[in-house]
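Presented sequentially are two complexes of chain A, the first with chain B as partner and the second with chain C.
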Partner chain A sequence: MQPSGNRVHLETTLRNCVSRGRVLTSPAQLAGYDTDGLGYKEYRPDAVVIPADTDELIRVLQSARQLGVPLCFRGAGTSLSGGPVAAQGGIIVHTSALRAIRKISPEGFWCEVECGVTLNQLDEALKQHSVFYPPDPSSGPVCTIGGNVATNAGGAHCFRYGVTSNYVLGLEVILLDGSVHRFGGPAGGRGRWREDWKRFMIGSEGTLGAFTRFWLRVLPRPEKVWTFRATFPDLITAEKAIHGLVADASYPVAIELMDPRCVAMVENSPMAVGLPVDSFMLLTEIEGPAALVDARVESVAEILRNAGSRDVVYSDEAILRGKLWKARKVAGGLMGQLSADFVVQDAVIPKRALAELLQLVYDEADAAGIRAVNVFHAGDGNLHPNFLFDSRKPGELEKVELIGKRLMQRVVEVGGTLSGEHGIGNDKAAYMPLVFGPDTTRLQLAIPAVFNPRHQLNPLKVFTERRFTP
Partner chain B sequence: MITGVCSGVPETDPVSRCFRHFIDPIDGVLCVSADAVADEIATLAHDHNLRFPLILDSSATLSQQVNSSEYAPASSRFGAFCDNILGMNWKMPDGRIVRIGERVVKTTTGYDVFRFLLHSCGRFGYATDYVVRLRPDCRHTVQYSLSGKTSDVCQSIPVLLKGSWMHWFDSIDLLSEGQNCRLRLHVNCPPNESRLFTEYVSSFAGSQHLQMSAEYDRAAPVDGCPDFTFKTTPDRVPSLTTQLAQEQGIRATGLCYSGVVLGYLSKPGQPVSDGSGPEASDCVQPSVGIQTEGQDFERIAERIQTIVRQHANELYSLGGDWHSRYVPPPSPVSPESEWISILQKEAGLL
Partner chain C sequence: MDLNTAEGSRTAVNTTSSKPGQHEKSASPADSDLLTSCVHCGFCLEVCPTYKLTGDENNSPRGRLRLWREEAEGRLEQDPWTDFYTSECVGCLACESACPANVPYGKIFENIRHQHVASGRYSPSLMLRMAAKAATYPLLMNLAMLPVRMLRRRGWLRGTMSVPGRPASIQSTASLARQLMQRHRPSGPRVALLTGCLMESVFREINAATVRVLIENNVQVIVPDDQTCCGAFQEHCGLEGAEQLQEANRKAFGKLQVDAVLSNSSGCGYALGRALSGSQTVRDVLTFLGEHGIIPRKRDSNKAQVYVDLPCHLVHGQKAAGIPTNVLDATGYRWQLAPAARDCCGSGGTYQMEKPENAREILARKSAFLNDAEGDPVILATSNHVCMMQWHSALTHSLVRRPFQVKHVIQLLDPGEDF
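Up next is the complex of A and B:
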């Protein structure tokens, strides 16, 4: 927090950078920016700016640099890792006004969008051209492409299609000095640059510059989709199904698993869909040309049955498909209703370590008296243990953090990684030494040294070493 | 107590975390030497009904392929090399070996140094081992060839790419040499599905005034490591491919959805269409593509430079680029030159 004299100066400077009404400083306004999707860690910014266009954004960056104030970019604030929060105070730049879809080229299979465009807004626009942009975080109705690129977001359908980095052809970034650079473009190459700098930008969590525009790769929309839901009495049978699907020529687009604790949570709620409460629930989807996917339906159902499911249900009809997805889709909302706080962890493991890691989650959570449910992208080995707790109860947050730490330690030991799609933010920055030794930490920190050497942009995120000293 | 199908085996050095060689058939990942040739990788994967689909030249090492182009024909379905290689052991310029990247298929843990270094062609060190992502091998393939008037072949491409079948072809390539061109589609599918593909392709060919022929159980196409690569947008591939192939002694392969044109020059005493690239000790070493291999090398480099000069500005204007094993990239100018110096100094990449 800035001393009050400085805050007045900050406010006046920012008001000179942007048009009227685009600087927020009252406590009630700032409170909306205290947290992200993590919810329970609060950091009050000194000011929030909502630039109307890139010129305003450039002026904000230049002023922040001159004032020596930390600066953090924010899309929709749905990050689950403590990314878009003012961990060292300062300014939050909210990108919500930069939301134009500038061009869609169905022939060139690309589109050009501004950073504040929401994922579902883009999907609606692409639909009219019979193309789609595959990354699909469940926060699609609100999350922005800027946030998606900055966290290299994934989603259920990334099993087949890959994550955001597979689809970013180019981006425009404004560095702290106000200089504007374009890395790549519709063709997805390096452009005139010798090196492929966009690679550092994707997944950089707002620590290198402000992304304003993207060129994204799109694909023709699939003609037909089949959704399958099956339950399994135990993990062995569920895993057999997962391994069978992963190896199958039908190339499912999504393979999602819900553990019995999560199934029970849904079934004991008004959202119940009639699943056996002690079961693992698997959802999978195939899509493509109608002739091809129709021919594959039986073989997918057979994989699920042969693995040990006795209730394989499937459909190609939109409403029924929605019903098959229902338990999966309502799970997140239910956790929010059932618990004052919940944290979604995000780790990727070799799939063969699934049983061990689930057991670790159960053992640790049970011993600590914390409720844990799992619903995750099983095809990719991308775990999402959810811990339900109450941060107002003394010691609960610490318990959850300890479980997170033990989990991450084991994840790395079995060959996995700390984050598959949510990013590191400040939630997991302390675990980075588990993954990076002195040589590779130096390599990692060389990147902000190029673009943001004093860590003024989004300090304390990704690496704890990234502290801004004015 | 929850029981699963299998348990863990260490695949990394406990201290350095560098990768050891392994294959994990469940995740479909394989760690091999960067000097492994495509055929060796295929053999390792084959026992598990898996394959590494991105192949430019079956006798070239993986690092030669990665350093000659970011894309191979099967990129149409599976993406670029950087989307099919997950991690690597990297030899830094001072000789230290570090691990870069992962052995799992997704990560947002830290900055993406992996993709930045993968195609840096020896400028910051080089890979000694790669962790590659394998895909299911259906053990049955069909290769379709669609030929006709150049204009008909070219006009058919956007129609083919628009349909939802496009994502099921491993490759959709436009092969062009002189006045001749044809489309090559390669499928890896279960035997019972090839009828569906054939029905679709033959009806498509008919609608586009093209003749179709099909070859069953044919190995995936390998055209060789290209002499140069142009990266553009998919809609520009047909014109760029045919335009390049009009030039004497050039064969061009357009990777239609990837927006890539691979160029092959005839070498002295070789017909252009034999598909072989130059003997490449090439891009693996820091002195990428600039070792002298005599007058032939210089002649080829000069020829490529001339071609690049004609097209570079248009490629750049779309955020595209070019790459050649024979011609070093232009020297960076400010601010890139400063960024590179800082990166090298701070990362210990000098």
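Up next is the complex of A and C:
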């Protein structure tokens, strides 16, 4: 938090940077930016700037550098890892005004968008050209492309299509000194750079520069989609189905699993869909040209039946498909209804370790008296244990953090890693030494230091060592 | 029964959240469970008209909830900016539809607004206070608005309330209903109709059309004489008086032997539904007709095009899926949903008077499509009289630079004054 004299200077300087945009500095203007999707961790910024265009953003960056104030960038603030928050005070740059879809090239299969464009906004525009942008995090109706690129976001369908980095052809970045750089472009590649700098940028979580524009690869919209839902009496049969699907030539686009605790949570709510409460629920989809996917429907159903499911249901009709997805879609919201707070982990594990890690989640949560439910991307081993707690109750947050730490330790031991799609932020920064030893950490820290030596951009994120020193 | 509707396939049902005699204010605004029910996911941002207008997160449901919560927990001092962001809310309730955690935003907002008005942090304009007071005296209001009805009937009135129409100057809706019941003797379901304050005093022709359409479709209509304003106006402004009106309506409607109580304005229906919860089912007249079945109208011209806008208090308040497609088909017109039909038009009850600039900007964005819309004539149809006034202001404020008509959907089904 800045001393009051400095705050006045900060406000005056920022107001000189923007003419059409907004500068927020009153306590009740800053409180709305205290936190992200990880609602229980709060950090009050000293100022929020909503630049109206890139020129204003450049001036904000240059001024922040001169003032020696930390900066972090925020899209829709849906991050689940404490990414777009002012962990060390300073300025939050909210990119809500930079939301133009500048160009769609259906022939070239690319589009050019500003960082504040939301995934749904982009999808609505792409739909008219029969193309689509595959990454599909659950926050699609509101999350921005800028945040997706910053965290290298994924989603249910990334089992087949891959994560954001597979679709970024190029990006425009503004560095702390206000210089504008373009890495790659509509044709992809490196642009005017020897190394593939855009790869450095994707997933850098706002530690290298401000992303303002992207050139994204799009694909032909699938002609037809079949959704399958099946329940399994135990994890052994569910895993058999997962292995069968992964190896099958029909190449499913998504494989999602809900554990019995999550199924019971849905079935004991007004959102119940009629699943057996003590079962694992699996969802999978195949998509592509109608003639090809239609021919594969029975073989997928057969894999599910052979694995041990007695209630395989499937459809290619939009409303019915929505019903099959319903239990999966409502689970996140239900956790919010049942609990004051919840935290979702994002570990990626080798699929062979699934049973062990699930058991660890159950044992640790039960011992601590914390409710845990699992709903996750089983196809690519991206585990999402959700811990339901109340941060107002003394000791609960500490218990959840301890479970998280033990879980992460084991995840790394079995060959997994900390995050599949949510990013590290400040929530998982403390776990980084589990993955990276001192030598690797030194090299990792050297990269952001090239761009902002004093860690002025998004300090205390990704590595706890990234503390800004004025 | 699931109905096909102009927006989806959910059955349109009035939702209610309080018991008879129990005002929502009984839930304290400082109730930490209500304020902490938001998990900060942000799904409300993109459906919030003021967030989309400003890009300022404080001006969104998630932001407002954060400000109210921090103030209630003593972590944020009372601040004029909290008052400002609270006053900016349209009250459209689109955030409730988008919220996966079912945060009762409307209930919390109503409580906070009452608290701000009671403590002087927010003061509705004198005109709004007078209008709210007038609404509690239906007879007086009907009399005072007689010149307005006469001028509208002759097409001489210009301004916000000048949505063209032919309201009966003298005969009340209750009198018309008795007359037509006598003449046509319908034998089907029996319903009671809420005639409302502004609807009866200014837009009476919509009430008359409602009565004619219902009776033509063999529905028995009674219009209780002792009914009064639904209280939504007072609730919107955060003023006292709504509870007395709700109590009066509970007396007027509560014990009637009817199959349903009907409303032809979604905001009024939403408010009455909450007041009568537990005693009567309040339904939107179009939802009711969709289930009951409806005689289709035949049109000679096929050039006209109807664009249907869905009022917020129908789809987000009453949680209806939309206006039933069989009802819209029965108008005999070619119709389609207006772009972003589930988004607010900016009317928000009293919002167009409280925040005219915001309301106009929201409408400007939403109504832009009409400039190039096909149809001769172009008709914008909705089912809330306040939304009708707002849409008509797109013409009076030159937001849309081509003529178009604003109608209530029930008017498109009207057998006419000779019925």
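To be clear about the criterion, the second predicted complex is superposed on the first by the 468 of 470 C-alpha atoms of A that agree within 3 Å, B and C clash if a C-alpha of one lies under 4 Å from a C-alpha of the other, contacts with A are read in each partner's own complex, and residues count from 1 in each chain.
Everything that follows uses one rule, which is that a contact is a pair of C-beta atoms (placed from the backbone, for glycine too) under 8 Å apart; a residue touches a chain by one contact, two chains touch by 3 or more.
Note that the structure is predicted; figures quoted are calculated from it, not measured.
Once the two complexes are overlaid through chain A, chain B and chain C fit side by side, free of any clash as defined at the top of the document. Look at A:Pro394: by the touch rule set out above, it reaches neither chain B nor chain C. Judged by the touch definition given at the top, the superposed model places A:Asn120 against chain C, while chain B stays out of reach.
In the superposed model, A:Gly274 lies in contact with neither chain B nor chain C.
With both structures placed on the common chain, the touch criterion links A:Gly333 to chain C but leaves chain B unconnected. Taking the C-alpha centre of chain A as the vertex, the lines to the centres of chain B and chain C open to an angle of 130 degrees, rounded to the nearest 10. Which of chain B and chain C touches more residues of chain A: that partner is B.
In the overlay built on the shared chain, the residue A:Asp36 is in contact with chain C alone; chain B does not reach it.
When the two complexes are overlaid on their common chain A, residue A:Arg22 makes contact with chain C while staying clear of chain B.
Of all C-alpha pairs linking chain B and chain C after the chain A fit, the shortest spans 21 Å. By the touch criterion given at the top, residues 1-8, 10-12, 16-17, 24, 26-28, 49, 79, 83, 92, 96, 98-100, 102-113, 115-116, 119-120, 123, 136, 138, 158, 161-168, 189-190, 192-193, 196, 199-200, 231-236, 257, 259, 315-321, 329-332, 335-336, 339-340, 342-343, 346-349 of chain B touch chain A in their complex. Interface of chain A with chain B (complex): residues 105-110, 130, 151-152, 154, 158, 162-163, 165-166, 169-170, 179, 182-197, 199-200, 202-204, 215, 219-224, 234-236, 239-240, 243, 246-249, 251, 287-289, 291-292, 295-296, 348-356, 358-359, 362, 380-382, 414-424, 432, 435-437, 439-440, 442-447, 449-451, 453, 462-463.
By the touch rule above, chain A contacts chain C in their complex via residues 22, 24, 26-29, 31-39, 50, 76-78, 94, 96-97, 118, 120-121, 139, 141-143, 319, 330, 332-337, 340-342, 392.
Against chain A, in their complex, chain C makes its touches with residues 9, 32-33, 36-43, 45-46, 51, 54-58, 60, 62-64, 66-67, 70, 76-77, 79-82, 85, 98-102.
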